[in-house]
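The next block holds one structure in the form of structure tokens; read it before the comments.
Note that the chains are named A, B and C in the order they appear, and that numbering of residues resets to 1 at the start of each chain.
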Amino acid sequence: MAQATSPPDELVEGARPVTGASPAPDAAGLGRARATGFLVPAMVLILVFLVVPAVWTIWLGLTNYRLTGLAAASPEIVGLDNFTDALGDERFRTSLLLTLEFVLGSAVIGQAGLGFAIAFALRDRRGPLRRVVEGLVLLSWILPSSVVAFLWIALLDRDAGTLNALLGIPGMAWLLDYPMLSIIIFNTWRGTAFSMMLYAAALENVPRSHLETARLAGASTWQQLRDVVFPRIRGHVLTNLLLISLWTFNDFAPFLITAGGPEQRSEILPVYVYKVALSGGELGFGAAISFVMLLINLVIALVYLRLLGRRKESA
Amino acid sequence: MSAITMRELTKVYPGGVRALDALDLDIVDGEFFALLGPSGCGKTTLLRTIAGLEVASGGSVHIGERNVTNLPPGKRDVAMVFQDYALFPHMTVQDNIAYPLRIKKVDRRERTGKAAETADELGLSALLQRRPGQLSGGQQQRVALARAMACHPQVFLLDEPLSNLDARLRLEARTFLKRLQRELGVTTVFVTHDQAEALALADRIAVMEGGRIRQVGTPTEVFRRPANTFVAGFIGSTPMNLVGTRVRGDELAVGAARLPLPDDARGQVTDGERLVYAVRPEYLDYSPTQVAGALSGQVVVVENLGSVSLVSLDVPTDDTDGGASSVQVVVAEGREPDPGDTGWVVPRPGRSLLYRDGDLVTAGAEAGVPAAAQG
Amino acid sequence: MTVTTAERPTIAVRHLLARIGRYTFLCLVLAFFALPLLWLATAPFDDTPTVTASLPRFTLDNFRALLDNPYALRSLLNSVYLAAGTAALVVTFAALAAYALSRVRVPGRDALLYGLLLLSSIVTGTATMVPLFELAFRLNLIDSRLGVILILSGGLLPAAIFILKDFMDSTPASYEESARVFGASPLQIMRHIVVPLVRPGLATVGVWAVANVWGNFLVPFLLLRGPDKAPAAVIMYTLYTEGGQADLRLLSTFSLLYSLPVALMFVFVSSRYGFRFHGGIKR
């Protein structure tokens, strides 16, 4: 949960989420008791700070729990009211749509598209150009999000921003007039590295001889992509899309730039939850929204794990 | 140095696989003992059970006078050399050899001294500061042996000691190993699937199959007088010829041919009984002309093995559908027939055997032959 | 295959156009990714920094602003504290758990791992900020750096266990068995054999945990109240959102100083192991 869009790759590709047969049962003579002892510290932390919050989200979502006031003292079960409230809430529906726009624009089109394009343009290059491009893209990925957020605020500044200075249009208020576009481009900039690296690795797996065969047959670049490259990297594409969708869906970093504004025009779900629950104090309602988010996360993750499993079987 | 005694030793894995099936075995003090068998026969499990890496499901293991059945591996006073040698890659050769002493809390100065001493005995002095990754396969094996020797155990256990070496090194290492064991005089048990290795190295061999011991004996015994057809087929670089036969008075009938009854089987067989006649290709003589008491057939294949050739003949018998069995014979160089020739093969006296239902037909129990007769 | 003379120039032209297209694209990519970074490179050294990136009139005076601000340097120390604490906790606990899972047959082991991994990928800080806040409140962990460390560790542990178990599975058991026959105890085996053998894995997980915590904004933002405990991520945010005109001298130098450790770590890791995919830093 510590991750925004930039958790380096724990789930990816070679991650082999598979646990093959272990070398031997109990090679070091640990014994069940000691093995359990080894497991306990990690499991306790995971239980308390991962499992409990998940379960609690559901429970909170069913109550009228509030940070302050009467309901804070004795929350009541309100059943599915929070959920129906949420789904009926204009602001929630808008937020959900904005989130979809954000995921589609910055993850699917932005990060995956740009990441693939860069990887493809660099596919058979070695040397300084590749290192510089990759280095810069990776740098934008690993820099702390609050720094990056300010870099973009500075870049897009209305009066003295570098972008306006370059384009010669001083006074253009990007963050106020185009808040969604701004955070979409911001997140594309920030998260492309992951897709670029994944596709670079995938493209290495496309045999040269296949591409050369297609070239000899006179295929254009686009035809080569369609007929040779994509069929070979379909698995990578799916992995990539699901993971970056999951991460982008849970990304809190846009809060650092627009804080959801102006007038909730860039209020994606994570920001919405924060404002409703923690700024506004409506914990129950906030939790109901959180629960909806958890469900969406679960669906994406399950689809991903199924795909992984299937690829493993066919491998 | 101690004898190893196993009684009713059983190992059942979760899931019900019986890797060891009520096994009785005595390994004599100071002996170089081989556990031989095909993969999955339980030989490695037996070795690991002696080491304590596997816990027996039943029965007992004694090393010397001590019952070690329920002792952890570190308390059994054994040393084991693994198939991959298991040299710790992050330690130098010296630290590797000294590791058992480090566990025994020998102080640093003393243990490096002892390690250097042991290394010297095995000609490793120049390599003490190297890492295992910088050594050849043969050197790695010596380091693993040195590490096992360093703690002066009562028993050495070697898991496939030669299998990780390439063919050329293997012969050299085999001689080295045999000499080392002779000099140290420590009871040594090794596991191998290579019968030639077992014959060459061991004082005695236990041939295993399916978690049971099929024969225990000296290399000569298991080679000359396999207790059953399994051992007969497993031992020997060329498999033993096994052909169906029928007793006719004091002769054996194989197809139209008549062979003398082996001395050993005299009085043990009844007239008309169906048996399996067995003789090693090395114990057959080939003749291009007709001789009495011989099997005859057409030469099918001639394989040149260097100083000798292995000649396969199709011999008419009455035990298979086609009425013919393949019989192989070793022929000295310069005397090989050509494929298509008709030839006669004569068993040397005292070298042919008879099997009834897979077991050797023999007069009286011989030392070491049926495993169950031991102890 | 024959190419007629008429076709040859067309192919050459097409080839040239493709090359031009490719380089133009790469230049645009470079510009896109470099543009926001320019300010970070120039402003800290400019004697009158503005939000515009421009050639600086070189000075190091701006770094004095860091010393003048009561929270700037302390927040970096806080970040170090959080990152080191989390990394230590994650590496230790994950190593123990991964070892047990790799070496002892625990019933339902694979299902357990999958389940945890699934959980850690869906239970994100954003989706569970409400109960996390509640939980911290109940456990008296509000405004406690230990609370931040524990929560972050809980989130990182499943993946860390996963990565480390992979490392341990690929280490032959004969090393440990060998040590066992020599009489080494399980803890000695851990210390003498297993830890040195999987050191690259431990380093990977450590670096990964540090990188994650260093940039994390949400959890400390939710849980830590006062600026004296806040890590750099939160202080950075308050510097440009709170109270009137932002001090650009402070902001620029602080950004640089805060970014430098992860950037250096990245350079170190990529030069040492190569930042290849999978796993970024893995093996």
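Following the convention adopted for this analysis, a residue touches a chain if its C-beta (ideal position, glycine included) is under 8 Å from a C-beta of that chain, and two chains touch if they have at least 3 such contacts.
All values derive from a computational prediction rather than experimental measurement.
Farthest from subunit A in terms of Cα centroid separation is B.
At the centre of the protein atoms shown, by the Cα-centroid criterion, sits C. Across the structure, the highest number of inter-chain C-beta contacts is found for A-C.
Between subunit A and subunit B, the centres computed from C-alpha atoms are 61 Å apart. The centroid of the Cα atoms in subunit B and the matching centroid in subunit C are 57 Å apart. The centroid of the Cα atoms in subunit A and the matching centroid in subunit C are 15 Å apart. The multi-chain contact residues of subunit B, meaning those touching 2 or more other chains, are 72-73. Residue positions of subunit A touching 2 or more other chains: 29.
Subunit C has residues 172, 174, 177, 179-180 in contact with two or more other chains.
Looking at the complex, you find that subunit A touches subunit C at residues 1-4, 6-20, 22-32, 34-36, 38-39, 41-43, 45-46, 48-54, 56-57, 60, 114, 117-118, 121-122, 129, 132-134, 136-140, 142-155, 157, 160-163, 165-166, 189, 197-198, 200-201, 216, 221, 246, 250-253, 256, 269-270, 273-274, 277-278, 283, 286-287, 290, 293-294, 297-298, 300-302, 305. Taken in their complex, subunit C has these residues touching subunit A: 1, 18, 22, 25-26, 29-30, 32-40, 50-53, 89, 92-94, 96-97, 99-106, 109-110, 113-114, 116-135, 150-159, 161-163, 165-166, 169, 171-174, 176-177, 179-180, 186, 189-190, 194, 208, 211-219, 222, 232-234, 236-237, 240, 251, 255, 258-259, 262-263, 266, 270, 275-282. Residues 51-53, 72-76, 78-80, 82-84, 86, 88-90, 99-100, 102-104, 151, 157 of subunit B touch subunit C in their complex. Those residues of subunit C that touch subunit B in the shared complex are 172, 174-175, 177-185, 188, 192-193, 196-197.
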